[in-house]
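Presented below are the structures under discussion, each in the form of structure tokens.
What follows is a pair of complexes built around chain A, which joins chain B in one and chain C in the other.
Moving on, here comes the complex of A and B:
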């Protein structure tokens, strides 16, 4: 177990490095630069700015200098939000985004596994089909549709919850964005859980459990659920990626001061240091989730641990 | 004494169709009734359907401790299963929940009839009763850490933990190798005596049934061919079907078969060694076969016999040059036979394999004709389509299948038909030696008997050398005049089959002989 974690962390480093270099080069290939605007700067000023930020150096030198600084924990100054370092901006947005993402993941797992279990317990009956249809719809609907619809119904019409904003992190403000972000992922998890349970329930050890006269619920939860969740664990990595990208949209829809806004603005303005920092962060999160998925396998099925 | 479990006019229905009809028997405490029959005879359904453990519906009457099971609702069935019955199923590999420790599963079984939570000592004592000492260690293990025999013992421990009155054992030994079968059946018999359990045994291991059952119900395609006292049925069977069943399971007490004479040396293997990496990261290698030398004559049958994990399959594959080998040389009529990839194309036909699982070894997407023709396409590319079809038709006839089978796909074949197709595929290549790796173990007794007859005929007609890998001495004896017994990757005893059976020297051989007696 410890060996697995260590090995994964070691292999994560080259992956991260590749991600950084690739994003760096891609950013440079895209036309335009951080100091382009409608009104052209005079060439002398532009040259001075480029020199100040090291943009006039050969490409490999720029990558090298960047990596050196990142290795020391310095993500550099933002090129667009003058007066701020990238670290300042990330420190501001990250808590909001992490709260949103973590809650959405928990909600997606709870809703998804719950719905899958419920449907499997009533396999073949109308309820089962209805739940699975609803879950397919949820997966198909993008969050920029569900987000505004939820806001319309629960905030504007019913007035139960605030429409948008952060509200200094008060729970009421988080409910709608978390649910809007979680629903598509929950749909996918529900379908995986339901399919996994169908397979697990046909297995021999479930017959042994039934032969013991256990209640159907106990058979389902204790003997069938864990093997059924193996596909869900495999989905954790992609789900984390989906939540991160989904969060960019949701933060805009609900006007939350998360990382997503900076990411979009940074990309549009060619704010290289800001975009790269966010990319590194996202990549690290996805790698982390893949590691968690691998650890989850071992818990779900001890045979994988060997 | 009143019966613990009594079945009268029992039927099992799949939809509107009755697949089992008119079964009657009663088991008193301490008695054993066995249901026997070929696969598909409905014996498992007869045993499981009344308890609600099969998707099929039971009709008629099945009374457990005086309470009617047929027509009872799910909650009542659950209560009756929990209170009075213990079940042992066929597959010890899959019948235990993989993610729960042994202790948790035994604890669950202990409390299924409402007993208070057992403490650790209770569970260790329970393990000891099924012959698992060191139970204290095993309690914290997951099932996959245990061997097949140990798992089946845990299954039995779980089945008796709550003090049931009826033990239902559905093919409890079929998945185990010959030595373990005996031990597990002896354990069940001992528990039956000690606890006064009524035992309902489903099995196609007739020698075991003859030894343990008081009464036998012989099922043939869903109806009772014969029923009665076990000693009488085995001594003087009345139904033809029963006679066929008894004749089909070979025993060492049968007279030795008349085998073709072996010719000069065909194949010689020297110092064959195979090892595999241990699972996990940097844990070294396991030696599966440790320097084995063996030879085989033209037209000779050589049996490689041993328990599971003894390395017999690995050795067979290494000799046939279809599996890996770390060291050693294989010579074919005096010249070196390299691994299959480096082999001269003409030499690839020489040794052809037939494996254990007949359906899994055929590509489900292909038609039978294409499956059989495949070796020809590679070994004799010059052959035109008409000649190929003719060779396929000849092979189909040779394995005694109907010509129409050529158009079917593997999923629609029975186990016996699929294994005949696999044999036909091996034969079209015109081999001089067959590697039969447990080729009849997955088949039902009757079917296996007929496939063995077919193989014996082919052996004689074609002068085929046969390397027969098996865990069952009596089956191997049908085709092989010589035997090599393997244990722990080495040959521990080798010689003439009849001589080894008469005077086995090594303890492993003695156990194998005892298991097939």
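Moving on, here comes the complex of A and C:
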């Protein structure tokens, strides 16, 4: 198991390093520089500015400096929010985004595994087909459509929940964003659980458990569910990516002060340091999630631990 | 094609409407009717109403569908090209080269695609060409994996070995013997890629980072509808409904085809 984690870390770190370097180089190639303006600058001033920011150094030197700064958590000043460093903005937005993402992941796992179990318990009957069709439809629903539609129905028409805003993190404000974010992921998890259960139910140890006269529910939950969850665990990485991406749109739709909102504003205003920081941070989070998925893997299926 | 008949029919209708519709309507998608600002569905001259500045919603939705489908087709084409080429070379060459190429795919899988595409948009300006090139450039990974697996299996088959023994060159075997046998599964995965691509395009356009006015896409329309939904809910529900219909139909058709071929 330790060897597996080590091996994963050894592939994750170069990937992250490559992301940082590539995004930095892309930013260098992009047209337009920070000191371009209507009026041509006097060459001496320009040279002084370039020297002050280290822009006159050879490229590999600049990359190295950027890497060192990023390693210390310093992403430089924001070009748009003048009084803040990018690190400040990230520190403000990240807790909101993480709360949203974590709740959505829990909701998606609960709905997905629940629906998968429910369908498998009625395998082959119309309920099974109906649930799985509904779950397939869920995976095709984009959160930027479900979000506004949920807000329209439950907030504007029925008036049960607030339309948007953070409300200092009060639960009522989080219900709709979390559901809108969780639904597509829940659909995918349900399909994986259902498929996993179909395989697991055909295995010898499950047949034995059934032959011993255990109740169908007990067989399903105690004996079949664990091996069936292995594909779900391997989906955690892509699920995290989906949730982070969806959060960008959900935070915009529901006006939540998370990282995604800053990211979109940064992207629209060409705030390079901010956009770069969020891309790097999200890449790191997704790699971390892949690692967690590997750990879950080993816990669910002892054969992988070797 | 029994199970997927309804989605095929529905999708065909949507595509037909997107192609023919704009020619039949009296309003262009960006024409403003000052006498009918934000009228509800069923108003004279505007069967599905108008938006907040008096543009016909039906015309806008059809024009948006057209752009969304065009971008999706182009981006899916780009991803097909890269994916098949990458997978075919890796599967054919085998050994070290295969190993290295698939490692790169594994590494790329771990990246936050959407953010990479957005980064590209930010750095190189927002043009529709970049939208589909960018999307195509990140959505080829699954295709590459599937194609590689197929090529790996195909190259041991007797007819390929026979062609090799007869002295055919690698490119000839690839084009004459391997690609035709790949086509089915590649098309199934292409169909599953298209909803992904539609999703990314509308996502970007929703955020204002994809297709730009005066062109319109379903993502832009959903965004405009969401901003205006308290007074004109139909402006959200119509384009949102079309988008969801397209996504659901494509997903159902793609999964059906894949299950049939796998």
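Note that in this section the second predicted complex is superposed on the first by the 259 of 306 C-alpha atoms of A that agree within 3 Å, B and C clash if a C-alpha of one lies under 4 Å from a C-alpha of the other, contacts with A are read in each partner's own complex, and residues count from 1 in each chain.
Everything below uses one rule, namely that contacts are C-beta pairs under 8 Å (C-beta built on N, C-alpha and C of every residue); 3 or more make two chains touch, one makes a residue touch a chain.
Here the structure is a predicted model, which means the values were calculated and not measured.
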item: Contacts of A:19 with chain B and chain C, given as first, second, both or neither; value: second
item: First (chain B), second (chain C), both or neither touched by A:250; value: neither
item: Which of chain B and chain C A:145 touches, first, second, both or neither; value: second
item: Touching partner for A:237 - first (chain B), second (chain C), both, neither; value: second
item: Partner chain(s) touched by A:286 [first = chain B, second = chain C, both, neither]; value: second
item: First, second, both or neither for A:207, with chain B first and chain C second; value: first
item: First, second, both or neither for A:27, with chain B first and chain C second; value: second
item: Per-residue contact with chain A, leading partner among chain C and chain B; value: C
item: Chain C residues touching chain A - in the complex, by the definition given at the top; value: 103, 106-107, 109-116, 118-125, 195, 199, 202-203, 206-209, 219, 222-223, 225-226, 229-230, 233, 236-237, 240, 243-244, 247-248, 250-252, 255
item: Touch list for chain B against partner chain A, complex; value: 51, 53, 78-83, 85, 87, 89, 91, 94-100, 108-109, 112-113, 142, 144, 155, 158, 279-281
item: For the chain A and chain C complex, residues of the former touching the latter; value: 11-12, 14-15, 18-19, 23, 26-27, 29-31, 136-137, 139-142, 144-145, 147-149, 151-152, 156, 237-238, 241, 244-245, 248-249, 252-253, 263-264, 266-268, 270, 272, 275-276, 278-279, 282-283, 286-287, 290
item: Residue ranges of chain A touching chain B (in the complex, touch as defined); value: 3, 7, 203-205, 207-215, 222-223, 226-227, 299-303, 306
